[in-house]
Structure formats: C-alpha cells, structure tokens
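In what comes next, chain A is part of two complexes: it sits with chain B in the first one and with chain C in the second one.
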Partner chain A sequence: MKFAFHVSPNEQQKHASTQQIMRDLTIALGVVFLCSLAYYAISYGVNYALQEIILLAASLVTTFVCEAIFAKVKKIDIKEFITHSFGWVTALILVMMCPVNISVYAVIIATVFAIVIGRLVFGGFGNNIYNPAAVGRAVIFASFSGAVTNLTTSATPTGVLASSFRWMPGSAEALESFLDTTGGWFGLAMGTYPGAIGETFSIAIILVGIFLIVRNVIDWRMPAVYLGTIFIITFFIAIFSGIQPYGVIPGWLWYPMLHLLTGGVIFGAFFMLTDPVTIPTVPAGRVFFAACAAVITVLIRMKGNLPEGCLYSILIMNTFTPMIEQALDAPQFEQKKKAIIMSACALVLGLGVAFYASSTIRPVKGARNVGEETAMVITQTEQEDLA
Partner chain B sequence: MSLLLGPMQQHIPGRKSLTDHSDVKVLMPKERVFIPLFAGPVTKYDLLVSEGDHVDIGTRLANTKSAFDVPLYSSVSGTFKGLVKKPHSSLKPQLHFEIELDPVQTSIQAFEPLNWENASQEEMVSFMKETGIIGQGGAGFPTYVKYLKPQGIHTLIINAVECEPFITADYKVIMDNVEDFIHGCRILLKMSTGKECLIAIKKTHPDLIDYVNKEIQKEGLSDIKVVPVPDVYPMGGERTLVRTLLKKNFKRLPAEVGAIVNNANTAILTARAFEKGEAISKKYVTFSGEALNYPTNVLVPVGMSVAEILENIGGIKDNLASCRLIAGGPMMGKAMVSDQICIDRAMNAITVLKDEEEPAMTCMRCGRCTAHCPVGLQPVRIANAVKMNDVAEMEKRGAMQCIECGLCTYVCPSKIQVTENVRKAKRTLAMKNRRGN
Partner chain C sequence: MNRMENFKNGLIKDNPVFGLYLGLCSTLAITTSLNNAIGMGTAVIVVLILSNVIISAIRKIVPDDIRIPVYIVIIATLVSIIQMVIEAFAPALNTSLGVFIPLIVVNCIILGRAEAFASKNGVLDSALDGLGMGLGYLLAVLAMSFIRELLSSGGLVLTNPFNTEQVWMNLSLIPEEFRISLFSSPLGAFMTFAFLAAALTAYKSHAAKKAAAKTKEAK
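Now for the complex of A and B:
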C-alpha cells in the first residue's frame, strides 16, 4: 500500500463544480429562450421563431469556430478547450439581447467580437475584464444598428417610453397610452411584447433567477441590490417630479415598477451582472458594484441618448472591478466600515441622479400621438432594447 | 446571511454513522509502544528515566521545553529501551520513547490529586501545569496556558462540536465518561473564574445533548448549560464557536472577548488528573474513512503504532493501489506518507481516504472561498498576491490570520487547492518576519 501525500484539506465538495454551474446557467437561459420562441411563434408566426433559432445557431457556430482556431493556434486540445471555455453561455446571452429582426451577419460579427476581443485576447475563460456578451452587443449597437432583415415588429415599449415620454410618463393618461403598447401591466410583466429576444419575459427570468440563486449559481446580492437601487432612485424621481397616481396605485409605486419591468434591467440583473468573472469577488464589493451600476443605468435612461442603460452600466462598472477589489482587499471584518461608507456614497450618488433627472425633465402628462411617431418608430426599432 | 458578508460556514456531510454507534475496540500493543517526545517542536528536554529502567503507567518520563513547559508521562508499563527517531504526525521525524511492554500492566499515581473545591485558582493552574495535559482538539496547545490570566473571563466554552467529518471520538468519550466530563467542566469553570460554562454540541447529536443534560440535572448545576449548535463546518473552530455563542469576534485569542475555549476530552482528562491523579495514558481515536474495511473507534495507549492498530481492525481495502492516511479529519488533518506514525496525545482520528483528485480548472472568480471563509479573509485575493509574489499585498490581505480550516478548497467549484495557496502566503510572510528579526 502506498500512502500518497496530499496537502490538506483532503475533501472537496461533491456535486459542485464549474461544469455544474455552467450547466444550470445554460438550462436557465434555455428556458427563457423557449419562452421567447413560444411568444414569437404564437404572436408573429413560425418564421420569426425560426429566425431566432438561426440567429442562435449562427452565434454558437461562430463561437465554436473562434475557439477552435484559438485552441489550434495555442496548441491546446480543441475539444477540451471548448468544453472548458463555456463560450456557448456568452453566445446565448448575446443572442437574447438582440432584437429578432437583426440580420445574421451582424450577430456573427458581434459574436466574433464577444468571443475574440471580449474573452480570448485576455486569456480565455476566467481572465476577461469585460462581460463578453455585453461587448458583442455594444458592437452591434455602435456599428450595425441598421443591419436588419425584413421581419418587422410593432414599436417596442422601451423605445416608445424613451422617445415619446422621456422615461417620464407623469400622469395616469400618459401611462395608459404607454401600457397600450405592452398589453397592460400583465403583458409588461409577462413579456408578451416586442423587444430583445430574451429580455422581456420578466416573470420567467425572475423565476429561473431564483432557481439559479437556490442552486448557488449566481450571487443573490447582484439582482437584489441592482434592482433595489433602481427602485429607490426612481422612487425618489417619482416623489420629486410629482408623478400622479394611477387609479389607486400611487406614483411612487407604479413609476419604479415601470422602470423595473420595461427593458432589459431584469435580464441584465440576473444574467449579466452576475457573471462572476467580471465582478468583484468580495460580497461588499459586489454590493457596491451593483449599486453603482444601478445609478448609471438610471442616469443613461433619463438623461442619455440611448433608450436603455443596463448594458453600458455593466461595461462601465466592469472597468472599475479591479479598483473596487483593490479598495476592499483587507480581511472583511476590518473593512466593514469602509464598505458601508462606499455603499452609502453610491446611494447618495443615486439620490443626486434622482434630483438631477427630476429637476431637468418635465413629466409628459398627455397621451402619445401615434401618428406623429410612426416615422420615428421605424428608425428606432433597430436601436432599441439595448440591454 | 448578511448583505456585506457571506455565510462564513458550510454544512459538510459528516458520515459520522460509520463509527458512532459501533462499540469502541479496546486494543493493546503486542510488544512495544513509541511515545512521541513532542509537545509542539521540543527544543529542550530533561530525561527522567534512563535506558533499561522499568516504567509504570503514570511514570514521569521527561520534562519538555518548547514554547511552554510540558511534562510527559508513560502510557504503559514496561522497560524503557531508549529514544528513537520515527515518523511523526507533525510531518517531521521526532524522538520517541521506545518502551517494551510488560505482560501484565501495572500503574502508579502520576501525581497527588488536588482537592479542587478548596484550592485557589493559582494552585489549580500550577497543578494543571504538572499534569502535562494538552488541548485535545488537535492543535495540542498546553491547557494551563489559557488559564494564566483569568482577568475578565466570564464564559468557559467546552467544545464538543466535532465539526470534522468522520470523527466521533469526542462523542464516544463523553458517552462513556459523562461523569468525569461534567466534573472536568466544573473544574475548568472554577479555574477560569468565569460565571458560566457553555457546552457546545451539534444539533445532530440529540442523544448526546440529552445524556449530558441529564448528568447536569443529576448534579443540580445551574452554571453549566448545553448549547446545541448547527451542523456546519468549522463550528468547532474557536472563532466560529465564539461568534455563534457570544455573537462576538476576536482578533487573536478568545480571551479578548472574555471566553476560554477547551475541548471536551480535555475536560475529561482534567477531571481524572484532579480527582484520581492520572495523566494522559489512553486515547479514544476514530479510525474511519471510505478506504477502511471496518471503520471504528479504538481505545489505545498513547504511542501505539497506527500500522498495528490498522492490522487489528481489519486494515485498508485491498483493491486500492494507494490511499491517503490522514492524521486527523479530512479537512485539517495532514496526509502521512508512512503508517509507522504513533498515536500522540493530541490525536483524535486517523482518516483513510481513497487517493482521488479532480483536476483543477481556471478560477472563475465566483467568490465562494471569500464568502465561506470563517475568518473573513479573501483567499482568492491572497492566492492572486501569491501568484504575483507581492509580499506587501499578502500582508495587507491578512494571510497570517488564516486558520487553515480548508473550507475554501472544499467549496471551490474549480477544484483549486486554495488553502495551499494561502499557506504559501503564510510561509512567505513567516520567512520575511524571521529575516526582519
């Protein structure tokens, strides 16, 4: 009998591995993708669902080709590299952030950027600085916003909310006319309205997100703090701007809910902000990261040129990840006070944004004028729902 | 779970049922024992016996000097054959007393018992020093040292948690010696000058909790209480235990928050020393793990060789080419490269596991090590500093506070040996400090 030497501990958790985490994540994303397939097939026809599948297939194939070439160049076993690189998760997220009418070549180019520039040049899985799917989507937004097919959908609510209401429908009448585009609150929550392929299904995303939290795949702090902070900031915007109640629901309640349910923040909170590679490792740092991302999201929504802010808020905060880690590097008990002060600062910044937004934007009180907008919507559809 | 901190602990399947309900096997070595001349790395020692001398159970063999003075007593009766160097559980070869056993064992009183109810605190501590009792939790720290400065101590915590998987020796020893156990608690409580003694036992051992509670009631004690604690690791670590029981954190020693923590078996040994004048001679040791044919608890004299015990209890599974022989539990115990090591006074388990390891993958920075670290360190960041060989960062990130509980490696989904990386940082810092002096 040989007595092998091994450093302690000699026991490691069973059934908890990177593969298991990625498998759960893939399943979760798959469920949301299926929701999307079902919605587009039922509401717009099978060719829309087919287009989604083609987009996903194109992205996946591009991912595998890029990784295979990289592995070949680096002289690593191709199969092992691809299975340990988990590029398909990036591809899935990227496709789900795109509108259904985007052209296939735009998705292919975005995937190349996401995989090669977003991940491989940094050294592959685990070493990238920016969320790779967000990098890919940003490329589409910057360079290929006109690359669309002839599949058309009606105007997307995020675009309408941004262009017609400046994210500030101030009265029950304005809200009512906005909700017409989503099928009411119920439609807004269920995600049965046009938008990015996988971003709109708020309730489904929250449910699979809870599954991922229970399975310890994602950190509950990220969605909780991010969405919580957005709620708090928009709550104060509603108070400062005097948003009117909608029936019995006071303005300070429905207005934050509108922010949370419209656009890609819920998708971003559960699937992009939680990418462990590009966020700080320490819980306190994650709280600060998520709070700051929320502030930037609201700022871009209210004051930026873009209809949506989630994607860029994540990319901007990714830049600060090394800095946050550097700042919160000491043993956690010793730096608890510092962490609390940092998070409080983020919150104060958020209140500043709320004050700035509400003092410079006048709420839109009237219903939107559909005729005036049609021309605008056509140019808008390809740009919107950027998460 | 708080917003800014992770859970700082983790449930680990205990697999205690392998050994906790089977009978303890009482074993005696056939020919000889090797009693380690070890109480921490010993720097100086006075031998009190010479080669060829006859010794009894309880004969004082030596006074050792390491950081503290600890006397050594014989665990068997027989003939002292001399000092030999042998492999030891500290991973370095140590001197051992080789004693050839008498066919019939005889014992003497190691020292005069002390009537502790009338003795003063100082008398008790100096008596404790003479007993040579060292902490039975695994680290083997001399027990009397904790009682040298009793100012401000309000709570004595008796640690009967046994959070390491597989080990049931403490459970067994309390079940068999509950009266000594409670007496030991009373003695230690008096010596600590504290007001209250809390006995921490895992919720998953309700039979033990009941049993101890009955004994407390029988003696009508109001200052000793059993506190059930959750089945998580490292519940038996001083920091986690004090945090759970007293809701306080300390930096270096529990005395900072008014507590002394001692192991359950230490209490039993204390009672025997004070009331019967006995030194440590026999030990309950758990032999468990998936690579053993018949996991069981054994009661053996200090110094019996592990190889001989393994032979007696049915050995290691034949179909294995190699295995890991761990002195202690799987989390904190160290893997031995020889079965010629002997049972030492602070050893409470031998765990034999299959030699399997999953390949490590790239760290994906999931942060589980940081969230689970019971000290609140950031193992992944310390490992990064090690990779960069940045000594200043290792220090800033608090590597020296690591208690090497192994939880970061345990929870790592990428199967990285995180604890070993932190250990490297500790070694680097220790080297730097030595050079600095």
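Now for the complex of A and C:
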C-alpha cells in the first residue's frame, strides 16, 4: 500500500522562487520600456530616448546608493542586501510612470522617497505597507508639478479627456475629435500617444502580462477583476447618461473601452496591483481589493481634480489591506459568507458611483476644437497626467 | 547638581516633543516657518515657567480632588495674558499662529509638567524644569521648522516679530527647481517629525549601550 503524501499547498504548486519571479518581472518591465524607447526615438527623436535612459539610470543609481547606505548602517553585507531587496523593480516601475519631460532631480528625489520611506524604514523588501513605486510617483505629484525639462510632447489623452470632455465624450463627433489627437483607436490600443513613459502601450503590456500570468508570477485575479470592474462601472455610466453609438459600435461598448485604453489603468492593473507584498493574501480579499480600487479609480477620473486616479486608488486600497486580511481571517464557511457580503458591498458601491457620476456630469455632445484647448492644458496636465 | 540635571533632561533626553511625544498638535501645525517656531516656542516657555512657578507655590493648599481644574484655570489665565500681549505687540505673529496660541491651554507639555513635576517640587526647581522643558520645545520646533522651511521654500526668513518690515535675515539657498514643496504640507510635518524622533531614539539607545558597556568595564 502506498501513502499519497502531500506537502502544504504553497509547496505543492509549482511556484518559482522569489529570485525567479523578480527576474521574470524585470524582463517583462524591460520589454515594455524598450517599446517606449522605440516609440519616442522614432516619433520624437533620439533626444527623448536618451532622456528616458538618463531617467532610468538616475533612478537605478539612486536606488542602489540608498540601499547600500542602509545596508552599511545596519551592518549587513551590501551585495547580499541589494540582490535580495529587488530595488530595481521599484525604480523601473517608477520611471515608467513618469512623463518623459520630467527633470532628473525630481526622479532622484522620488526614488529616494520610494526606496527609503516606501520600503527601507518599514524593514525592506516584503515589509512595506504601500506600493513603493506609487509612493515615489505621489511625491512627484505633490512636489514637482512644475519641474520639467524643455522637451515637449503634445497633450496626453487623459489630460484632453479630463479638461475638454470631462471624461464624457457623449456623441460620435465628440469622440471623433478626441480620437484625432491620439491617432484613432489603433493608436490608443498600440500606445503610440504621449503619456507616461511606459504606461501607454496597452497591447504590449497585456501580452507581457499574460506571459507573467502563465509563468505564475502575478495573480490573474487582480488585473481581471480590476479592469472588469472598471468596464462594468463605465458600462453603466454609458447607459445611464445615454452615450450615443459610434458608427455601428453602441455607446455602452466603446465608452468602457475608451476608459480602459486611455491612461495608466492597464499598466497599474498588471504591474502595480499585483505587487504581492502590499495586497491581501486571501484570493477573496484580492478580488475585493481590486474591485474597490476600480471604483476609486473611476470616481477620481469622473469627479476628482486629477485627470487619472489609478495610482491613488492603489495607495488608498493599500491602507485597507490589513483590514481586509483581518476581516477574511475566519473558518472557511464564515469566510465565504463574509467574502460574499463584501463583494456585494463593493458592487453596490460601484453602481452608486456609476449613478452618481452619470447624474452629475453631462456628456459633451458636440465636437470640440481640441487643438486650441489642448495648447493650454499641455503644460498643466503633462505632469499631473497618468498615475 | 540635581537641579542642573532636571534642567538638562528637558533639552535632549526627555525632550517633550521628540522624547515624550507631548504637544504634537501645535508642533506639527506651526513649524512651517522659523518665525512661527520662535514665536510659539517663546510663548510656550513663558507660560510653562509661570505656570510651573505658580502651581508649585500653591501645591500645598490645593485640595487633591480638584487639582486639575485649578491648574487649568491658572494656565488659561496665563495663556490669555500672553495672547493679549502678542495681539498688542506682534499682530503679524498673532495672525500667522492663529488658533494655536489659545490652544497652548490644552498643550500637554504644560499640564503634564504641572502634574508630574511642579505639584511635587519646590518653586526654584519647578522654574528650572519649566525653563528646560520650554527650551526643549523651542529646540524641537526650531529643528523641525528649519528643515521644513529650507526644503519647501528654499531659504530661511527671519523678521522682527514686533515690526514685520524689519527683515533680519533673508537667505535663499536652494534654486527654485530643486525645492520640495511637499515639506510645507502636513505630510511633510509628519515625516520630519518621524525622522527626528527616530534619530533621537537611535541616539538614546546608542548612549545607553555605551553607558552599559562602561559600567561593565568598571566592574
């Protein structure tokens, strides 16, 4: 007779080690970064690509210097500490969230905040409360809204959407005049429009994300639930406020797609929401986390001052991670009941947001002369754009 | 010797802000500029010394059951006087400190010292303790406002509180594009406070370790 012996579930699955996971993640982020390098080099010139490389190099060097000093103070072996702290992933994500014309100094300070305050003071890799890259980006939001170099790009779609259309192009003409600025649906999907360095390449990010999901590096639930919830909420907004069809595509289909394809939600969904350290460990908790983050994102987009809300939604939900964890820390049946109640609450919240947004914002119906208006908003939104 | 120690404790080891975490509300709010910090620190020193002296003088005739209301009445009277003085002679300081001058009444440092020290010790000791604690508070707000003003506005400005047109010092050290405006917001206040408090704790534990090593050697 043979005994079937199973080790505990986390050992049973073919999980990769942390080193392998981080290696895959680095490769994935590198691919997206290369896409962006190619795009900026081709459409704006070598200067822009060079600036991207300088930004990344500055961020990486700052990260390593900060970690080396920390290791020195704590009397840990420096090389060992740096290779096990994976600071470069934070640096990569941070740089990819910044617009290309940001000053090097701003990136350096943001990296210091991300690494030291976001990570090291909490005890280093694995102990941080907030997503470190998001902390760094929030510092840029709070401090360096004017720190730009003389490289200019045209206005970013989220900025245009927020300022000219209040995120609600209600008719085919309005949509058309918006799409003119981004190179049509194809441009939106491929990410060939200005924005943060690495956030716009939707197709590339999704492909890389699927690769990471297949390799078991990131949890498929997070992007799926997050993007799905955004789709559902904006679907209801489109229906409630009567968004008109665009050609043969009905309003309830193209409007959610517009929300998903513009801004940083796809990047955030695949690379920031999936940070295993700052999200709940329970699958039900993760679903709830992602759903709530989606509700907050849409709320900030529609009603907030900022054109984009992905980053702040993640930071806000990071705060609630221990609470979600504790709420779902129960025997299985009870946990299931609680998870159902929590998901129902999130659903009601989402529908409430959809109803609120559609009842307070009137869709912009006619075509807008985007060219003139964007000239004014370029400088304002460039920095605030894309979180 | 003992008196000197009482005085010195308030400055570094039992610093009211970074060591005992007292009076944080006003500390976080008013440390946006050096001017505010100096004004607030001076007001707190005056109130603290006077309240310590009065409370220690009447400590034997105050019934134990109603001591807290008595202390509060004394402190409130002193704060009202100080506020009127500031309003009369330094109106600019009054507007920039705003509600935080009357709030000295409920500042934990003052009631805390009254309860913990002045009600048990003599008049001279209490006055020295008040001076030490007050200077500790001044030192703390000066350190915080120095860091915050320097990083957020790039320079340091000192004006005569009694005549705002007289500028004593106007330094501009950091060029505009290198300033971190984050530090003028409440977030910056909390961060500065956390780092300075951590630094003091680290210094204290370092000193304690050294002292322990010394006593071991002596044995």
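In the analysis below, the second predicted complex is superposed on the first by the 360 of 387 C-alpha atoms of A that agree within 3 Å, B and C clash if a C-alpha of one lies under 4 Å from a C-alpha of the other, contacts with A are read in each partner's own complex, and residues count from 1 in each chain.
Going forward, contacts are C-beta pairs under 8 Å (C-beta built on N, C-alpha and C of every residue); 3 or more make two chains touch, one makes a residue touch a chain.
Given the structure is predicted, the values throughout are model-derived calculations rather than measurements.
In the superposed pair of complexes, A:Y105 makes contact with chain C only, with no contact to chain B. Once the two complexes are overlaid on the shared chain, A:L37 sits clear of chain B and of chain C alike. Once the two complexes are overlaid on the shared chain, A:I117 sits against chain C while remaining clear of chain B. In the superposition on chain A, contact is made by A:V287 with chain B only, not with chain C. When the two complexes are overlaid on their common chain A, residue A:L349 makes contact with neither chain B nor chain C. In the superposition on chain A, A:M222 makes contact with neither chain B nor chain C. Once the two structures are overlaid, the count of chain A residues touched is higher for B than for its counterpart among chain B and chain C. When the shared chain is aligned, chain C comes close enough to touch A:V139, but chain B does not.
Residues of chain A that touch chain B in their complex: 1-13, 16-18, 20-21, 84, 124-127, 216, 219, 221, 225, 276-277, 279-284, 286-287, 325, 329-334, 336, 339-340, 343.
Those residues of chain A whose C-beta lies close enough to touch chain C in the complex are 103, 105, 109, 117, 139, 142-144, 146-147. Across the complex, chain C meets chain A through its residues 177-182, 185, 187, 191.
Taken in their complex, chain B has these residues touching chain A: 3-6, 10, 12, 165, 249, 316, 320-326, 330-339, 351, 353, 355, 357-358, 361-368, 370-371, 373, 375-378, 380-381, 393, 396-398, 401, 404, 406-407, 409-415, 417, 419-420, 423.
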